[in-house]
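Read the structure below first, then the notes.
Letters A, B, C, D and E mark the chains as written, and numbering starts fresh at 1 in each.
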Amino acid sequence: MNPTKLHEQFVLEKKKEKRFVRITQITIIVVLIAIWELASRLAWIDPLLFSMPSRIVTLLYEHITAGTLWIHASVTMFETIVGFLLGTIVGTCLAALLWWSKRLSTILDPFLVILNSMPKVAIGPILIVGIGPNIGSIIAMGMLVSVIITTMVVHTAFKEVDENYIKVLQTFSASKKQIFFNVVYPASIPVIISTLKMNVGLAWVGVIVGEFLVSKQGLGYLIIYGFQVFNFNLVFMSLLVIAILATFMYIFVEYIEKKMTKYSI
Amino acid sequence: DGPTETLEVAEVTRSVFYAPLYVALSEGFFEEEGLSIELTTTWGGDKTMTALLSGGADIALVGSETSIYVAGQEATDPAINFAALTQTDGTFLVARDQVDSFQWSELKGTTFLGQRKGGMPQMVGEFVLKQHNINPRTDLTLLQNVDFGNIPSAFASGTGDYVQLFEPQASTFEKEGLGHVVASFGAESGRVPYTSFMAKQSMIEKDEEALIRFASAIYKGQQYVKNEDSSTIAMSIQDYFEDTELDILTSAVERYKDQGSYATDPLLTEEAWSTLLAIMDEAGELPLHIPFDELVNTAIASKSME
Amino acid sequence: MSDVSIDSVSLTYVNESGAFPALENVSLTIKEGEFVSFIGPSGCGKTTLLSIIAGLLEQTSGSLYIKNTESIGYMLQHDYLFPWLTIEKNMTLGQRIQGTHNEVSHRKALRWLERFGLADKKFDLPKALSGGMRQRVALIRTLATDPSLILLDEPFSALDQQTKLKLEDLVSHTLKAEQKTAILVTHDISEAIAMSDRVILFSPRPGKVAQVFTIPQEIRACTPFESRQHKDFQDQFQLIWKELDRFESN
Amino acid sequence: MNPTKLHEQFVLEKKKEKRFVRITQITIIVVLIAIWELASRLAWIDPLLFSMPSRIVTLLYEHITAGTLWIHASVTMFETIVGFLLGTIVGTCLAALLWWSKRLSTILDPFLVILNSMPKVAIGPILIVGIGPNIGSIIAMGMLVSVIITTMVVHTAFKEVDENYIKVLQTFSASKKQIFFNVVYPASIPVIISTLKMNVGLAWVGVIVGEFLVSKQGLGYLIIYGFQVFNFNLVFMSLLVIAILATFMYIFVEYIEKKMTKYSI
Amino acid sequence: MSDVSIDSVSLTYVNESGAFPALENVSLTIKEGEFVSFIGPSGCGKTTLLSIIAGLLEQTSGSLYIKNTESIGYMLQHDYLFPWLTIEKNMTLGQRIQGTHNEVSHRKALRWLERFGLADKKFDLPKALSGGMRQRVALIRTLATDPSLILLDEPFSALDQQTKLKLEDLVSHTLKAEQKTAILVTHDISEAIAMSDRVILFSPRPGKVAQVFTIPQEIRACTPFESRQHKDFQDQFQLIWKELDRFESN
C-alpha cells in the first residue's frame, strides 16, 4: 500500500476513535442524567435532596432568560481569574526569591510546609479583618488556596533546571540576575504552565469558599443561599455552571500550554 | 432632604426570619430616611461580628448572644444592640411522623436532631426541652454534630425522629411530606432579643443620628409586616429570595408572624434580655453576667419611633 | 610566551561523606596558539581542571596564571543550546550577556554560521537541528565572544563517527586559522593524537600529570582525518594506549 | 591542607550553617510571637479578633491538663490518616486503571478535570445522605479532596515511565500485568511518594472541612465551636495544634520518602 | 541453515502528520552462528528493522521467518538496568518474566557474572556501577534467557574508547563460544569491521540494503582489538567510509 493511502487509513481510524470517544462520553453523561432523572422521578432517591436534571435545566433556563445567571457567573468568574492570576504570579515571584537565596529557602522551608497544611477556611475572619467584608476577601481566598503550593512546585522547578545551562552562562561571566532571566525562568515555563492547570481548580475552590465567607452575589453565594433556603435545585444548578466555566478555563489554559511549550528541553 | 448617607450592613445569613429588613429595603423606607444601604451577607456569626469589629461594616445583623460573647472577652469597643429585629427563636420542631395532638413528653426516648452547639437555636432548644422536664442528656438521644446547612439532608436521609428546623426549611418539609411541624421553639421560649442590629460603641458616639434614621426605616418595615398580610409581605421580599416559591415564602412569613417572631418595634426590653441571659446560663455558655444597659442602647430605638 | 601557566594546583572536593582529592600538584604551561589535549581514565579530574582554568571552580592550593581571564570560551561536553531560543539568539547569547552584542559582532557571528553551512537555520529552534548541527552552533556560540583561550570538554563524544571526523577537521582548521589557544578533553586517543600539538596524560584520581606526549610534526601537519592514515599514527596510538591501559588494570 | 582537615572544616561549617538556620528560624518565630503579643497587648490589633500568644498557650495548657486536647487531636489525626491513606491508595488504583486502558483514560479525562474543580464543600449533603452524619463523612471528605489530583498526577507518572524499560520487558514477552508490576509501578514510586507530601496537606484541609460539616469532636469541631461562641483563642489554639501535627506527619512522610527512594532513575 | 530470513520487508510509520516510509523492500538472510552488523546513516531504519525482528513492531508488508521466535534476546542501545533492583535481580529479570527462573538457570547467570568480573557486585544497585559494568550486566540479562538469536542496538555507543575496545573483545568471544547468531547495529565503521562476518550497509531513509560487505577471513580471525591493527583493516574502512560518505553528501 502506498504511504498516502496508509496515512488516509490512519487518519480515518483516528477520526473513528475520536468519534467513538465523544459518543461514549456523551452516552455516559446522557445515561447518568437519565438514571438520575428516573431515580428522582420514581423516588428511589429523594428529589428534594438530589434534585432532578430536568428541574436544574429549567432553573438554569429561567436564570439565563432573567439575566441573573450572567450577574452571578461573571462576578465569580472575575474573582476566580484574578485569584488565579494572583496566586500564580505571587507564587512564582516567591519561588524566584527562594531560588535567589538558598539560605532563605532553607530557613523558610518548614514555614511553607506548615502553611500549606493549614485549612484556609479557618482564616476567613482574618481576611475580613485585613481586607474587609468585600470582594477583596474572596479574591484573597482564591489566591491563598493556590499560592503556597505554587511557590513550592515552581521553586522545585527552578532548582531542577539543568545546571549545565547555568554553567553555560557562567562561562560568559553572567550575573545572577542574568542567569535567572536567561535560563532559570524560561526553562521552568513548562512547569509553571502545568501548575496553572492545577491552580485553575484550586482557584475555583478558593473563590467558592471565599463566597461562603462574604458575598452579595456569585455562584458560591447561590450555593450557600441554596442550602440556607433548602433549595438544592439551586445548589446543583450553580455546580453545573461552575463545572462548565471551569472546563472552559481549563481548556483555555491547555491552549496556552500548547502555544507556550512548542519547544521541549 | 439632606444628602444620602451610605451605611454598610453585614447580615449573618439570608432568612425569611429577617423579613422586616427586606421590606424596608424593597419598599424604599431607607431612602425615605436619606440612607443608602450596602447589604452584604457574611455567612456566620463570627464573620459578621468580625466585619463589624474590624470596621468592615457599620452595622451588623447578628444574634444578640454574639455581643455577649464579645463583651465577655473585655472588648475595648463593644458591639451594642440598638435595634431589635426578631424577638423569639426562629426554629420549629418537625416530626417525621404525623402526630395528632403533640405532647412534648413524646420526645422522650427518641432521637432528636438539634442545631449545633454554642449557637442560639441549640441553647433555646435545650432550654425549651428542660422547661418541659426533658433532660437533653438522659431522656433522649440528642444529635448536635451536624452543620446548619446539612441538617435537613441528614434528617431527610433518615437520621432522627425529630428535627429542629428554621423556615423555609420547615415549610418545604411539610410541603414535600417529609415531616410535620408539631411545635415552635419560638412560641415556647417566649420573648428574647434574638437577632438584633448592632453597632460599635464608637459608631454610636460618632453618628447616632444615622443610626436613628436606620432604626426608623426598620420600624417602618416592622409596622408594614405587622399590618399587611403574609402574601403581600412575601411579594415585597421576593426579590431577596430568588428561586424560592411564593407559597413557601408566604407560609414561612405566616408562621413567623403568627407566633410573633417579628419584633413590631426596634425597642429591646430588659425583661427579654434577662431571658436571654437565663437561657445562655442554663446552657453553660454565659461567660459573664452582663447588665442590660451595658450592651443595649434603647435611646436610639425610642427616638426612631417618634 | 605562555598563555596559561598552572603551578602545582591541587583541588579536593569536600562534602558530607568526606574529602575527595581530585587533582594533586598539577603543573602545566600552555603556549599561545598551542592545541593541547587532556586524556586520562574516567574520574581523573580533567573536567575539574578545565573548570578551574575557566574560573568556575577555585583550586584548594597552588596558583594559576591566565593571560587574559576575561577572554575564555568554555564549550561544555554537550551542546546545551537553549531550546527556547532560535539559533541566531543562541549563537549571540554570550555577546548579549557580556554586553558586547552590536551590529558588528552580530554580523561576525553570522559569518561563522555561513562558514559552518548553517546560514539557512538562523531562525530555527535547536530541536530542528541534528546533533552535529547543534554541536556546530555551540561552537559558534563559544567563538562568538572572540575568546583567546578555548576549552573544549569532550565536544564530540555524543556524535556518530562520520560526523565526528568531519567536525574534528572543521574545528581544527578554524582554531588554527584564528590562532586560538585550545585545550581539548577527550576519551578518544585517536582524536587526541589527530588534533593536538601535545597530549597530556593524567593518572587516575587524584589526577596528576603522568606523561606528556609531543605529537610528531608530520602528524600535526595533517588534518585530523588524514593523520589517522599516517604511517606513524598507529605507533603513537599504541604508545598512549599502553600507558592508559596500565592505569586501568591497576 | 590534608583531606581529613578539609573535611573537618567542611563539617564544622555545615554545622555552623545549620545552627544559623535553626537559630534564625527560632528567632523568626519568637519575634513574630513577640510582635503579635505586643500588638495585641497594646491594642494595635484587636485582641478579640487576633487573640494573643499568651492566651493561646494558656488555653492549650488547660486543654492538655484537662485531657480534652488528646481526645480532639486524636480523633482528627485518625480521620486525617485514614483519609490520607484512602486518597492515596484509591487515587493510585484509579491511575493504574487509566494506565491499563488508554481508551478509558481518554474517555474519562474531561470528567476528572471537571471533578477536580468542583468545590468539595458543596457535596457535603450528598456525603451526609450517602454515608450518614458520622465520622465516615469526614473521612470521605478528607479522601475526596486528594483523590482526583492523586489520580491525575500518578497517571501522568505512569505514562511518563521511560518506555525503554517497558521495551526491555517486552523483549522478554512480558504480559501487561507483568509490565505494570515490574516496571510502571516501581518506577513511579518516587512520584507517588512526592504526591503523598502534597496529600498530607490536602487531607488535613479536607478533614477540617469535613468536621465543619459534621462533628462531635476534633480540631475542626473546636474551630467551628470557637467561631460559634466567638472565642478566637480556641480557634487559634486548634490551628496551632493542627500546624504541629501536620508538621509531624510531613516529617514522617519525608522520612519514608528518603527510605524508599534510595535509588534514582 | 538460515536462522533469520527477511523477504522484501517494508515498514511505514503513520501518524497525524503523514506516512513516513522507514524501510523499503529489505531482503536479507542470516545464517546460524553468523555475526552481522547493520550500518547506515542516522534514521535509515536500523532500529526499526531490529524491532521487527524482535517482534516488537509489525512490518507493513513483506514476510519474515525466524527459526526460533521464542528465543530472541534484544539488548537496547542503553543498558536500562532497573535502578530499584540489585544486579542479581536485574540479571535474572528475563528468566523470572519468562518463568524459567530456577536454581539451575540462576546459577548459570551467576557464572556469567563471575566470568565478566562482577561477582562481587551481586547485591549492589546499578547506580553503584560504572557505565562499562552496567553494560556488561545488561548483556548478561540478555544472555541469561539463553536466546539463540541476539540483537544488539549500539551497545557500546555510550562508552569511552578503552572500555569499548575491551567489551568488544569480550562480547565477540562470548558469542562465538556460545555459537549465537548475532546482529549488531552501530555507527562506528571500525567496530562493524572488527566484530562481524558481514557488514550490511543501509541507504538513507527509507532504508534499503545498499551493499553487503563480507569481511575477509584474516580480519575475522583476529579479536576486534587486534583486527584494527591488521594491515587490510584501513582498506576495508576506506571502502565502507566512501560508500557511507556518498549518502551523507547527497
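The rule is short, and it goes like this: contacts are C-beta pairs under 8 Å (C-beta built on N, C-alpha and C of every residue); 3 or more make two chains touch, one makes a residue touch a chain.
This structure is a prediction, so every number in the text was calculated from the model and none was measured.
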Neighbouring chains shared between subunit C and subunit D, ordered by label: A, E
Shortest contact path, subunit B to subunit D, counted in steps: 1
Interface with more contacting C-beta pairs, comparing D-E to A-E: D-E
Subunit C and subunit E: spacing of chain centres that average the CA atoms, whole Å: 32
Distance from the mean Cα position of subunit C to that of subunit A, given in whole angstrom: 49
For subunit A paired with subunit B, centre-to-centre distance based on mean C-alpha positions, whole Å: 37
Inter-chain centre distance, subunit B versus subunit E - centres from mean C-alpha coordinates, in Å: 84
Multi-partner residues of subunit E (each touching 2 or more other chains): none
Touching two or more other chains - residue numbers and ranges from subunit D: 46, 49, 125, 129, 212, 227
Junction residues of subunit B - those touching two or more other chains: 44, 46, 50, 53-54, 149-150, 153, 156-157
Contacting chain pairs - touch in the sense defined above: A-B, A-C, A-D, A-E, B-D, C-D, C-E, D-E
Residues of subunit E that touch subunit D when the two form their complex: 54-56, 70, 72-74, 76, 78, 80, 82-84, 93-94, 97-98, 125-127, 145
Subunit C to subunit D touching residues, read off their complex: 12, 14-16, 18-21, 60-61
Contacting residues of subunit B [partner subunit A, same complex]: 8, 10, 13-16, 39-44, 46-47, 50-51, 53-57, 149-150, 152-153, 156-157, 168-169, 172, 176, 178, 241-244
Subunit D residues touching subunit C - in the complex, by the definition given at the top: 1, 3-4, 6-7, 9-11, 14
Residues of subunit A defined as touching subunit B within the complex: 46, 48-49, 59, 68, 124-125, 128-129, 132-134, 212-216, 221, 224-231, 233-234
